[in-house]
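One chain, subunit A, appears in both complexes that follow, with subunit B as partner in the first and subunit C in the second.
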Partner chain A sequence: MIELPNIQLAAIYPEIAVLLLAFVVLAVDFVVPANKKSTLGYLTIAGLVLLLIYMPFAYISNEATFSGMVLSDSYAILFEWIFILAALFTVIHSIHYLKLERIRTGEYYQFVLYATLGMMVMAKGNDLMAIYVGLELMSISLYIMSAIGKDRIRSTEAAMKYLILGALASGILLFGMSYIYGLTGSTNLYAISSSLQSGNNNFLIYTGILLVAVGFSFKMALVPFHSWAPDVYEGAPTSVTAFMSSGPKAAALAIFLRVFVESFHGFEEQWTLFLWFFSAASMLFGSIVAISQKNIIRMLAYSSITHAGTIMLGLLAFNELGIASAVYYMMVYLFMNMGAFGVVIFIRYKEDRGEDINIFCGLGKTHPVAAFLLTLFLLSLAGIPPTGGFVVKFYVFSSAIQAGYLWLVIIAALSTVISLYYYLRVIVFMYMKEPAEGQSVNTTPLQWSAVAISAVFTIVMGVIPAPFMGWATAAVKGLISSFHSF
Partner chain B sequence: MATSIPMEYYLVLSVILFAIGVVGVISRKNIIIVLMSLELCLNAVNINFVTFSSYLGDMTGRIFAIFTMAVAAAEVAVGLAIAVNLFKVKKSVIVEDANTMKG
Partner chain C sequence: MELLFFFLFATVAVLAAVMVVTVRNPVHSVLALILCFFQVACLFVLLRSPFLGIAQLFIYVGAIMIFFLFAVFLLDIKRTIHQERYSRWASFALPAGIIMLVEIVLLLGRGKFGAPVQEQEAVASLLNLGKSTEAIGAVLFTKYLYPFEIISVVLLVAFVGAVVLTVKSKQED
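Let's look at the complex of A and B:
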């Protein structure tokens, strides 16, 4: 007689909902004519909004279910909020943009949903197997999404680079996972943790942890595993770039924190050595290379590398404040990054998308509202008060100082100063220069409202951080209670 | 169970296969061969999983290997589709010809 495992179906209701929504979109795609594909976008928006209404009532428990595969704790739910919001903003920004770019594929909206599903599985996964499958579902959907741009040469090239490097990173991640499985005898994060705590320190464990860290760093675009990011961000359709730079980055952070805090906390001394290097290199390299970028999307790509490095300070600090502030950083980053891309998406240059920084010249005179909003998001990305970008940097830096990473904080401060230059340059171009020729704003009220919501949250998270920080702290309590060195 | 052969033999084989795969991805010019090298990496991982599974007497590793195979098939399907697309726009499947974006 086979004993059935304990299954709590309520733990995966949000995942089931996203999958059903994707299937509904697939079915409707068959009957919608090619020039009316935006209907699918509105359908997706409606579904995601319904899901957001459900999310406050989502099932939360600290008990893993599905044979320990799925853990629907408040940490996973917080990240699911981030993923669903990222998907929602992406779809809102996509509908009109896809029309302008003459991309008439209804599959686009499905792949947003499949990628979101993959990210949700990653956040809820409490087993290396679930995490891997979620990660691949997300990655494969993103490879396809980055290949459907109008500029076929750049788009296909971006997808190819992303796929080859992404698959290599998955291979490295899996190789690390296989060592960890072999030496601990399990793929469950709790079982790995207890096996490692009982004095298991074969040298292959270090190899395994290093390889897993490399795989995760690739998905977060940390230096030296960042080389795909600028090209893919530039080549993919801008709406896909907006999605890639917020959702999957948050998902990578979610598994990074979960695996390293829950399972590898006994090896903190070893993994901080190389994460220190990844973090410092990302902050310096990202901010220095961004200076020379003429393309605003590439600039934002390097800026996202810098931010990924800064977020890692929170994990390196390895205290409650640090891990909570890394999560809070991701929440703010979602809004400021989505906002900045939201504005960049609707700035057009003649029949093309406005990528060159010179196209933004004089935007303050011709389109004051768009210029003001972009200024707000860039200031937040740079970390200027009273925006959310300042508060999260403050929290992350102070947690790192508490943990004694003085040099890393000095590097982070240096990179913040350098990054001020290229963020402010765009603002100076917008307000101090004469309007550029051929520049226009082509958008819809829906997009305006999405950008406005991003702006409101960017400010609110900077002015009253307490409730959000409280939420993040409560969410990570479950993670760090799995061991008692705090 | 192949207890007569020490576990190290399998592990060394898988490290060698994985290294060949990584070198192939980095050094080969043809995208089709790059995709084959990627498969080699993932198969090295499968050997690892099945070896550990067999020596631990635990089924999880074998199940993981099956998942890996399924995912690898999906990945290569997408990879080949993109390679076909690349050939349509560039008339070549050589990695170096995909060099439009720099910086």
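Let's look at the complex of A and C:
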């Protein structure tokens, strides 16, 4: 007789909803004519908005279900908010952009949903198996999305690079996971934790932890596993880049924190050694290389590498403040990054995407609102008060100082100073130079409202951080309790 | 005796995998990969899991690799490009690879995998050779139900993705 596992279906209602929405979009795609594919976009937006309305009532429990595979705790739910918002913004920014770029693939919207589903599975995964399957679902959807601008050679090149390097990273991650499984006899995060706590470990475990960290770092684009990011970000359609730099990064952070805090907390001394290096290298390399970028998307790509390195400070600090502020950082990063990309998407140069930094010259005179909003997002990315970018940097730095990482904070401050240069340069170009020729703004009211919402949240999260930080702290309580009990 | 066979299969599998990336002719690469998969199938049989071994043969060797072979025949890859890329990176890659290999050997020599694999024991009651299919089916639809369902979505994505990326070019021409 086969024993049935304990299944709490309510724990995966949001996942089921996203999958159903993807199926509806798939079905409607067959009856919509080729020139009306934007209908699918509006359908997706409607579905995601409904899901956002449901999210406050989502099932929250600290008990894992599906034989310990799914843990729908408040930490996972917080990250699901981030993923759904990232998907929603992406679809809003995509509809008009895809028309301009003459991408008529209705399936595009489905892949946004599949990737979102993959990220949600990762955030709720309490088992290396579920985490890995979610990661692959997300990655495969992203490979296809970055190839969808297929008429451009660069898009195909980007997808190819992403696919090959991504497959390599998956291989390394699986290799690491197999070490962990071989040493602990389980893939469940709690079981791994208790097996490692019982002592008697040999140092193969360090190899396993290192390989897992490398796999996760690739998805977060930390130096030295970043080399795919600038090329893929530049080559893929800009709307896909906006999605890739916020959603999947948040998903990678979600599993990074969960696996390292829940399972590997006993080896903090060892893994901080190499994470220290990844973090410091990302902050320095990202900000220094960004200086020489003439393409604004490449610049934002390097800036996202810098931010990933800064976020890792929170995990390295390894206290409640640090982990909560890493989560809060990701929330703010979603809005400021999505906002910056949202503006960059609708700046056009003649018939093409406006990505060269010179196209932004004089934008302050010709399109003052767009220039103002972009300035706001860039200042937030640079970490200038009173924006959200300042507050999160402040939290992360102070948590790292509490934990005694003085040198790392000095490096972080240095990288912030360097990064001021390239963020401010765009602002100087916009306000101090004569308008560039051929520059135009081509957008829709819906996109304006999405960018405006991003702007509002970027400021609100900087001016009244307490409720958001409180939410993040409450969410990570469950994670932290797993190691404080020892 | 079993150990002897393990080393035989494992060594050939690794050698075949090395051949996949070193052989100049892509068709030979594919054939080497088939050999590698064959050896892995043998390893599954040694692990008392004939079902996985057969599945490995049917799916990887039987279906996927044959399509690979067709794809390689159709692609007509030029060998010259192949050669250039080797010489450019070999001087970096070779030392890095050797260092990695030495590290792996050192680590494997000093550490050891001594995990009490509880799940295997639980399965073991079901598992005499004839029933391995049953045992796999039982855990697949109970313990691993969730990843199993998600995998089906992954397959759907791959399926739709393949259609999107290939059919689109026809519409535009």
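One rule holds for everything that comes next: the second predicted complex is superposed on the first by the 481 of 486 C-alpha atoms of A that agree within 3 Å, B and C clash if a C-alpha of one lies under 4 Å from a C-alpha of the other, contacts with A are read in each partner's own complex, and residues count from 1 in each chain.
Keep this in mind: a contact is a pair of C-beta atoms (placed from the backbone, for glycine too) under 8 Å apart; a residue touches a chain by one contact, two chains touch by 3 or more.
What you are looking at is a predicted structure, and each value in this text was computed from that prediction instead of being measured.
Enquirer: I'd like to know which partner A:160 touches here: subunit B for first, subunit C for second, both or neither.
Expert: Touch status of A:160: first partner only.
Enquirer: Kindly classify A:185 by the partners it touches after superposition: subunit B alone (first), subunit C alone (second), both, or neither?
Expert: In the superposition, A:185 contacts both subunit B and subunit C.
Enquirer: Does the superposition put A:292 against subunit B (first), subunit C (second), both, or neither?
Expert: first
Enquirer: Touching A:304 in the superposition: subunit B (first), subunit C (second), both, neither?
Expert: neither
Enquirer: Is A:121 touching anything from subunit B or subunit C once the two structures are fitted on A? First, second, both or neither.
Expert: The second partner, subunit C, only.
Enquirer: By the touch definition at the top of the document, which applies to A:66: first (subunit B), second (subunit C), both, or neither?
Expert: In the superposition, A:66 touches subunit C alone.
Enquirer: For A:105, select first, second, both or neither according to whether it touches subunit B, subunit C, the two together, or no partner.
Expert: Touch partner of A:105: subunit C, not subunit B.
Enquirer: Does the superposition put A:231 against subunit B (first), subunit C (second), both, or neither?
Expert: In the superposition, A:231 contacts subunit B only.
Enquirer: Once the shared chain is lined up, is A:144 touching subunit B (first), subunit C (second), both, or neither of them?
Expert: Both partners, subunit B and subunit C.
Enquirer: Which residues of subunit A are in contact with subunit B in one complex and with subunit C in the other?
Expert: 129, 133, 136, 140, 143-144, 147, 181-182, 185-186
Enquirer: What residues of subunit B sit close enough to touch subunit A in their complex?
Expert: 18, 21-22, 25, 31, 34-35, 38, 41-42, 44-45, 48-49, 51-52, 55-56, 58, 60-61, 63-64, 67-68, 71, 74-75, 78-79, 82-83, 85-86, 88-90, 95, 98-101, 103
Enquirer: Using the touch definition up top, name the residues of subunit A that touch subunit B in the complex.
Expert: 128-129, 132-133, 136, 140, 143-144, 147, 152-154, 156-161, 163-164, 167-168, 170-172, 174-175, 177-179, 181-182, 185-187, 230-231, 234-235, 292-293, 295, 298
Enquirer: Using the touch definition up top, name the residues of subunit A that touch subunit C in the complex.
Expert: Counting only subunit A, the residues touching subunit C are 2-5, 7, 12, 19, 26, 34, 66-67, 69-70, 104-105, 107, 110-111, 114, 117, 121, 127, 129-130, 133-134, 136-137, 140-141, 143-144, 147-148, 150-151, 181-186, 195, 202-204, 207.
Enquirer: Can you list the subunit C residues touching subunit A in their complex?
Expert: Interface residues on subunit C, with respect to subunit A: 107, 110-119, 138, 141-147, 150-151, 153-154, 156-158, 160-161, 164-165, 168-169, 171-172.
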